[in-house]
Structures are given as structure tokens and as C-alpha cells.
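Mind looking over this structure? Questions follow.
Going in written order, the chains are labelled A, B, C and D, and every chain counts its residues from 1.
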Amino acid sequence: MEIRISGVTKQFYPDIVALRDVYLTIPQGDFVYLVGPTGSGKTTLMRLITRELVPTKGQITVGDCNLRSLGAIDLAYYRRDIGVVFQDFRLIEGLTVYENISFVQEAIGMPKNLVRERTGEILDRLGLWRRRHLYPEQLSGGEQQRVAIARAMVNCPGILLADEPTGNLDLATAEDIMSILLSINASGTTVLVATHNQYIVDEFRQRVVGIRRGRVVRDERKGRYEADGDL
Amino acid sequence: MSGTKGKAGTRRMAIFRYILRDTWRLLARNLGLSVLTFVTAVAVFYLVGASVLFVMNTRAMIAGVESNLFVQAYVKDGEESMRTVAGKMQAMECVASVETITPQQALESLKARLGSQADAVTLLGDNPLPASVQVQVKKAEFATVVARELIAMPEVDDVVYSGELADRLGKISSFVSRLSMVILVICIAAASLVLFNTIRISVYARKDEIETMLLVGATPAFVAFPFVLQGVTLGVLGALFASGILYFSYGYAINALIHSLPFLTLIKDRELVLRLGIVLVGGGVTIGWICSWLAVSKFIRAATRPQ
Amino acid sequence: MSGTKGKAGTRRMAIFRYILRDTWRLLARNLGLSVLTFVTAVAVFYLVGASVLFVMNTRAMIAGVESNLFVQAYVKDGEESMRTVAGKMQAMECVASVETITPQQALESLKARLGSQADAVTLLGDNPLPASVQVQVKKAEFATVVARELIAMPEVDDVVYSGELADRLGKISSFVSRLSMVILVICIAAASLVLFNTIRISVYARKDEIETMLLVGATPAFVAFPFVLQGVTLGVLGALFASGILYFSYGYAINALIHSLPFLTLIKDRELVLRLGIVLVGGGVTIGWICSWLAVSKFIRAATRPQ
Amino acid sequence: MEIRISGVTKQFYPDIVALRDVYLTIPQGDFVYLVGPTGSGKTTLMRLITRELVPTKGQITVGDCNLRSLGAIDLAYYRRDIGVVFQDFRLIEGLTVYENISFVQEAIGMPKNLVRERTGEILDRLGLWRRRHLYPEQLSGGEQQRVAIARAMVNCPGILLADEPTGNLDLATAEDIMSILLSINASGTTVLVATHNQYIVDEFRQRVVGIRRGRVVRDERKGRYEADGDL
């Protein structure tokens, strides 16, 4: 499924334009870093792709699907094929770590034994197995972030959006996460990572899309981070 | 995307199980909220049930008083025509019972009425009092009809009945039935309102959860069902408990009443409360369902409407 | 740490202003929650107010019926002793009014009672009926006392009163006053419960906010006050609105009643509703205060208790 | 006010020991980096200092004040002298950016005009003035983080605890924030920064306290980050 963003502008108030005339095509299987100073519009772009927001102008299609015209049920089915690591995690407070990860599988009707198997596997892979019975508020920031990553990955989505997925992780753990993301990407999933982490971007070189003040200012294959941060 | 795409049935079963478990979680994990909603539901259903019982007993009481209303017809020629009139009355639809009073009985009763002055009556010599027929009507409003009927009969000389009393009783009775309806409607409206608000506020406390679930691909139905079932469960439990309390407190109240006011016509049969309980539980299901559905679907709509 | 440490007064004023503004914010920013709580409060206060009015009118009605209860004393020697007895009665505490009936009046009334058989009475010749005194008591239960008093008087020959009726009325009246208390208590309890739950759930929805405020150095009082004032405001507004609706609906109901049941003793004075309104508003303040205080202080205690 | 942590152990469940026998003294005016892999106990240490938690064993004193024995009101007054940048920000949802920052001043009874002045100044300094009327959920992650920083600083506290204050910021903005923290430190405030940001630690060299699995493993003046991240 190709993500095709054409001429998208997103305006919140007359004076806040989060994205301005953005054209971007992300083919199936791409790995893209979205970089840019804080407030430049990275999260807004991701929220447009999940149809949390609709563009003020322009149009987004994912595969054959024009996002503007999705009904509530179609939207749910569309979102099942997109895994999102939210910048603020959005874990469900009333659910344990285990339940937070299993319920997205349950919501699509996966049978119990498969859910158990998959959840256990992914918790193990992210070093969270011993924390599975804790509630989000009992976790450290980095642990919460990994739960969010686990939840986004567990359904093997066609597209994975990760918004600042290493902001609360030490370098070693961040590198682990990155190699997991790369292996997911290798299996055909499109991965879009918004990040401020220069190390990561420079170490695992991939396509880099730079945004500044809502505009795409560069788009390089095997790019570098470039801390050109005049706001 | 993987899983058992082929077996739609198994999948639906699985989803159903998850929904049930989630309902349980909603109830159990936020025990505080659940208990508050439940207690509110009990209070509200108790009020409704109590007002229903109150209304029914008031009606029974009025009916009891009404059945004490008589129309008395004095007949012209002795006991013969007295029996004719009594027979005709007995045939009427709106008549409950008919009693005949011979002149002898009438004299006795006059003597009793005069108390120690009864001696005066003996001065009357031959008994001048006529025979009469006493008719008990089924409802106060029929008294006038019966009186008209009687006066039209050739055998009847005069008709005595408390037109004013019949009139009043009729009016009071019809007013009580209207008032009781109003009370019930107000109670039920207040009950629904309170339950709706309570459920809605408790859904409001979980706004974020609803939003997140929808964001990760849960269908609106999957998100809504546990809330709806939770609402229904609380409604039903509230109604059940209220019925239980009602059953015992009604038994207690009615015993106390019968003891101190034995002359009132009350509904002593506690089965009434059981039947009322069934209605309340039905109401609990309906209100719980509708209220939680309205509440949760509002938040779902807000969350899926893109900005 | 800086600021105007010296001027504790100005600081307290400032804090007070902030608290007021925060209360407004709590009410306005979560208009949905506020409206739900408000509507619940209106429903609940309306129920309480309506039940108070219902109870008071029932009592007035019973009192009206009671005041139609008479004790009749036949005196021995003509109109002289009739007046003596009447004088003594008038002096009694529990007597509402006294009426004297001369033998002439008694005869008229007997004739009237006999209807078309009145002719029979003329056969009596000289009027054999005695003079009598009719005593109206203030409450049904006094009838027996008055009757005893009368029978003990040398001038009195015989006393007639419906002991059974007096008894029943007395019992009904005392039962109605007890029942009305029970109804009021149940209504007020249910009202407090519902308001408490509603406020508590709405505080629950702001748990995080309370926690954060305490974490950044707000005192428990600073955090609690806006919630308490919010509760009081909603309580008062609810009570005010309920009183308003009550005022108009009572006016409407009482007009309809007086029209169709003019013989009932009802409280026509709408000022009663105004006074009731004041009580309700007082209740609104109290319940709003207590409920929100309990609710918020529970969360504050939970947040300041270290783990 | 000196922070003195002596023999502190914090245990959550029998099997989760977040801190283990920690001794640490931070004199008034120090600037300390707290580094360590995710889940090592940094946040727990800070929550002990704010008395959100009490130690299972051991004792913490700040100035003359033994934290274990604080009543509710004293606690509020104690916390007023501590500014905290929470890892998850903890902004108040119902308040705008402006109100989130002004209310901590209002809570201590500062007069209105002073509140206005100070709030305006700090919003300006952190580049948030144009966002002052927005609610937290309308901000980007980095903007939220800066609001949290502004709130922690605005009362000029004696101690400033910053938990991962640059996790959602690009490097340039992070450097700005660091120089603000350093200037606050220069005016006498004790600053404690928990961070995973190697750049920052290595560029602005200060005392570094390393934690691993709940134990203090190193404590160096002018230390470096050292990504020694075996969990």
C-alpha cells in the first residue's frame, strides 16, 4: 500500500498552519525518517495518515483508499492495518501491559491461544515479560514506550508509524528497537519514524524527509540528520 | 493482518467472549464508579417502585371507600314491591349488592339513631315507616345513574342518597387516578434522567480509553458493547436490589398498616411486589441499555469525527 | 520562592480571587458535566419539593375532614342547661367550636332526615325531642376526651358521637403524619445519595488534575475549594430551578384541584412554595458542600498519601 | 538546601526493587545528570525527592526537613520550593498553556500583575508565547515539554528536577533548554536532570550520577555519558 500525500495543507486556526502544501509519496516497503524541529508538523502528518485529522486542502490516499471518504466501520478496518506508536503512548490506563497488547488482537477477533502466543512473544522480545501484570502508570517512561511499540507491531500491520519512538530510551535500547523496526521493514512493512535522535538516523541510514514549519524541505535516500534547527 | 480470516464464526465468538470479559473488567476495575452507579440505580428504582405501590394502595383505598356508598329507595306498597325493586336492581351492571329493609327494621334503626329518646318513637303508635331498598354501587359515579333508575320506577316513592358524597368520591377517585399517573411519570422521568446522567458521567471518565481503542482499529460496536452491557448490568442489578428492599419494606409497612388501620382496603398480597419487581428489572434493562448506548455513542461519534 | 511575602492579606485576597475564577472555570469548561449534574440536582430537588407539598396538602386535607367531626350531647332540662354546657365546652382547650340545637331545630332536622315521610313526625304531637349541644373538636383524637367530659356533666342526659369514625380518623391522621415523615426521609436520603454520587463521579473525572495540582505545591484547601464551590453552586442552582418549576406547577395543580375538588381543604397559598424554596436552596448549599467536600477530600487524601 | 539520600531502598512488589541501598548527597547549587538505562530507577529517585513516594528503607532529608514526617500542608509548602519537569509532563488538560504556567504562581498567592509579567516572560523565553491560548492536547510533543519546563521554572524554585526534559526536542531546542537550566543553576538553584541524551551530557559537562538496576554505579564530576547499556 502506497501512501500518497498530494498538496496537503492542514490549518488549525487562521494563524496556525501545521502543514503547508505537502507532497510526499511513500511506496510500500519504504523506511522513512521524518525529521524536523519541534512543532514542524511531523505528528500532524502522522495523524493525517491515521485519519485522526483530515486535510484542510489536498488529498491523501493509502493504497486504493481515499481517506476523506471513510465511514466509521471502514475506518476501523483501515486502522487495523496501521500500527501507531503515539508520541504520548496512549496506553489504556485500566489495562495491564499484557492486556494493552492483547486487546488490539482481540478487537480483530483473533482466537485466544494465538493472542496468548503472540503477546508473550512480543513482550519477551521487548524485555517486558516480567512487567506484564503492571499497569501503565506503574511503568518507567521507557517501559511505557516499549509497550506502545509492542502494541503497534503486534498485528503485523502493513504500515507502521512511530512518533518519536526512542525519546525515553537509552541508546542501547533505542538501537535494539531500531533493529526490530528494520527487521519488520525487511518483511515488507512500510515504516515511518518521526525522530529527533541524531544517532539513530545517522547510524541506520535510510530515506530522510526533513520538515520545517510545515513544509517538506528535503527528501534524501540514505540521508543524515543535519541539526539545522533555526525555528 | 493475519489470523483466522476464513472462520468468521469462530472470530465472532471470540469477539463476543472478549466483549463479555471487557464488560466484567469495566465493572470490576472501576469498582468505585460501578458501586456509585449501582447505588444510584437502587435508590432510583426504589423510589419508582415505592411510588407505584403507593399509588396502587391509594386506589385500592378509594375503591374501598366507594364501595361503602349506598342509594336508598323508599317503596310505596309494603314488602311486595320492595322485593320487585330489589330484583330489578340486582340485574343492573353497575350495582354491587342490594339489601332490603322492612318497615320493622327501619323502625329499629330509627330507635337506635334516637338513642335514649327512643321512647318517643313508641308514641308513634302504628309503624308509619315505609319499606326500603339499599343499593350498593360499584363506583361512586354510578350512584346518580342508579338513583335516576330507581326514581323512575312506579313502585318507588322517594330516593335518598348522598348525591354530594357520591359526587365528591367520584371526583376524588378520578383525580387520584390522574394524580397517580402524573406521579409515576415524574418518578420514571427523574429515574431515567438520573441514571442517564450517572452512566454518562461514568463514560465521560473513560473518554480517553474510548478514543484510544478506536484509534488502534476497534470497531465502534466493539468499543460500545462493553459499556452498554455494563449499563444494562448495573440497571438490572439496581432494579433487582431495589425490588428486594421493596419486598421486605412493603411487607413490613403493610403489616404495620393492617395492624393500626384495619378498616382500610389495602393490597396485602406481596406477590404484587414480585410482579412489580419484574417490571422494574425490565425497566432496568431498557434504561441501562438506552442510557449507556446514548452516552457511549456520543463519545464514539466525537472520536471518529475527524477534525 | 519570591512574591509579596510580607502582605499576607493581599495574598489571601489574591488566592481567594483565583479560587473564585477556578470555580467558574470548573463550571464553564466542563459545561457538559456541569449541565448533567445540574439537571440531576433539579430533578432531585423537584422530587423532594413535590413530596413536601404533597405531604402538607394531605395533612391539610385530613385536618379538614377531622374538623367535620362532631360530638353531640343531649341535655336534660331545656335550653337553660344547654347554654351552661355550651359555655363549659367553649372553655376547653381541644374544642374548636360549639353549636347549640334547640328542640325545635332538632325536630326540623329530623323531618328533613325522614324526607317524604316527614308527615309521620307531625303525628308525634308535642315535640318530644331534647335540646342538644354540638361540639366540634380540633383533632379527631380529642373526640373521646370531650365525650367523657360531657357525659360527666349533670346537665347532660346522653352523648352521641361516632366513636368508630373518630377513632379511624385519629389513626389515619397519625399514620399520615408518620408516613409523610418516612416519605420525606426517603426522598431526602435518595436525593443526597444521587447528588453525592453525581458530584463524586464528576470529581473522579478530574482525578489527574487534582493529583497534579497537589504535586506542584497547591495546598489541599486551594485544590478543594473550587470543587466545593462548584458543588455548592450546582446545588443552589438546582434547588432554585426546582423551586421555580415547583412554584408554577404547584400553582397549576392547585388551580385544577380547587376547580374539580372544591370541597377539599388544600393549601392555596403559593407563598408556601416560596418558603419551601428557601429551605430547598439551604439544602442545596448543605448537600452541595458536604458531597463535594467528601468527594474531593477523598481524592486529595489518596493523592497526598505517599506510597 | 542540601539533598541527602541515605541508604534508600524502594521496593514496589516483593519482586520489583526500583532502588537498592542508594546513598547520594547533592549540595545546594549542584548540577547533576542522572543517567542509566531505562527502568533503572531515575524517575523513582525523583519521586522520592518530591515525596510522591516514601522509601521502603532509608531516609531522605532536604535541608533540615525529613521527608517522611511531612503533613499535608507542610508538604505543599515544601513542594513549592521544588520545580519538577515530569517525564510525562502532567500538564492540566483543562487549562491553556498560559493558565498551566500561571496557576502554580496563583497557588502560592502571587499578585495578579506579577503573575502576568512572569508568565509572559517565561513563555517568551521558551518560544511559546504564540501558543499561550492553546490547550495541551493541541500542542506538539516538544511544545508540551517546554510548557512543563516553564511551569517547573516559573516559581524560581530552590531545587529543579527535570526528568528527561529533552526527550521530545530537537537538538537545537535541547541546547537552548540546557543553557536556560545552566543559567538557573548559576543563580543558585540545585538542578537534577535525568536524561538519555548523550549529546547534552557530553557537551555541557557536569556531575554525572550513573544508576543501573537501582544502584548508584558511578558518580563523577565533569563526567561523560558512557552508553554502557547492558540491562
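Please note the rule applied: a residue touches a chain if its C-beta (ideal position, glycine included) is under 8 Å from a C-beta of that chain, and two chains touch if they have at least 3 such contacts.
Just so you know, these numbers come straight off a predicted model, no measurement behind them.
Removal of chain C from consideration leaves all other chains as one piece through touching. Taking the mean Cα position of each chain as its centre, C sits at the greatest distance from chain A.
Chain C has its Cα centroid 64 Å from the Cα centroid of chain A.
Centre-to-centre spacing of chain C and chain D amounts to 59 Å, using the average Cα coordinate of each chain.
Look at where the CA atoms of chain B average out and do the same for chain C: the two points lie 24 Å apart. The touch graph of the protein chains shown is a ring with every node of degree two. If you check each pair of chains against the touch rule, the ones that pass are A-B, A-D, B-C, C-D.
Across the interface of their complex, chain B is touched by residues 32-33, 36-37, 39-40, 43-44, 46-47, 50, 74, 115-117, 119-120, 123-125, 128-130, 157-158, 160, 168, 171-172, 175, 186-187, 189-190, 193-194, 197-198, 200-202, 204-205, 257, 260-261, 263-264 of chain C. Listed in rising order, the residues of chain B touching chain A in the complex are 1-4, 10-12, 14-15, 17-18, 22, 25-26, 29-30, 206, 208-209, 211-220, 222, 300, 304, 306-307. By the touch rule above, chain D contacts chain A in their complex via residues 12, 15, 35-39, 42-44, 87-88, 127, 130, 138, 140-146, 163-164, 167-174, 196, 198-199, 227, 229-231.
Interface of chain D with chain C (complex): residues 50-54, 72-73, 75-82, 84, 86, 90-95, 103-112, 114, 151, 155-158.
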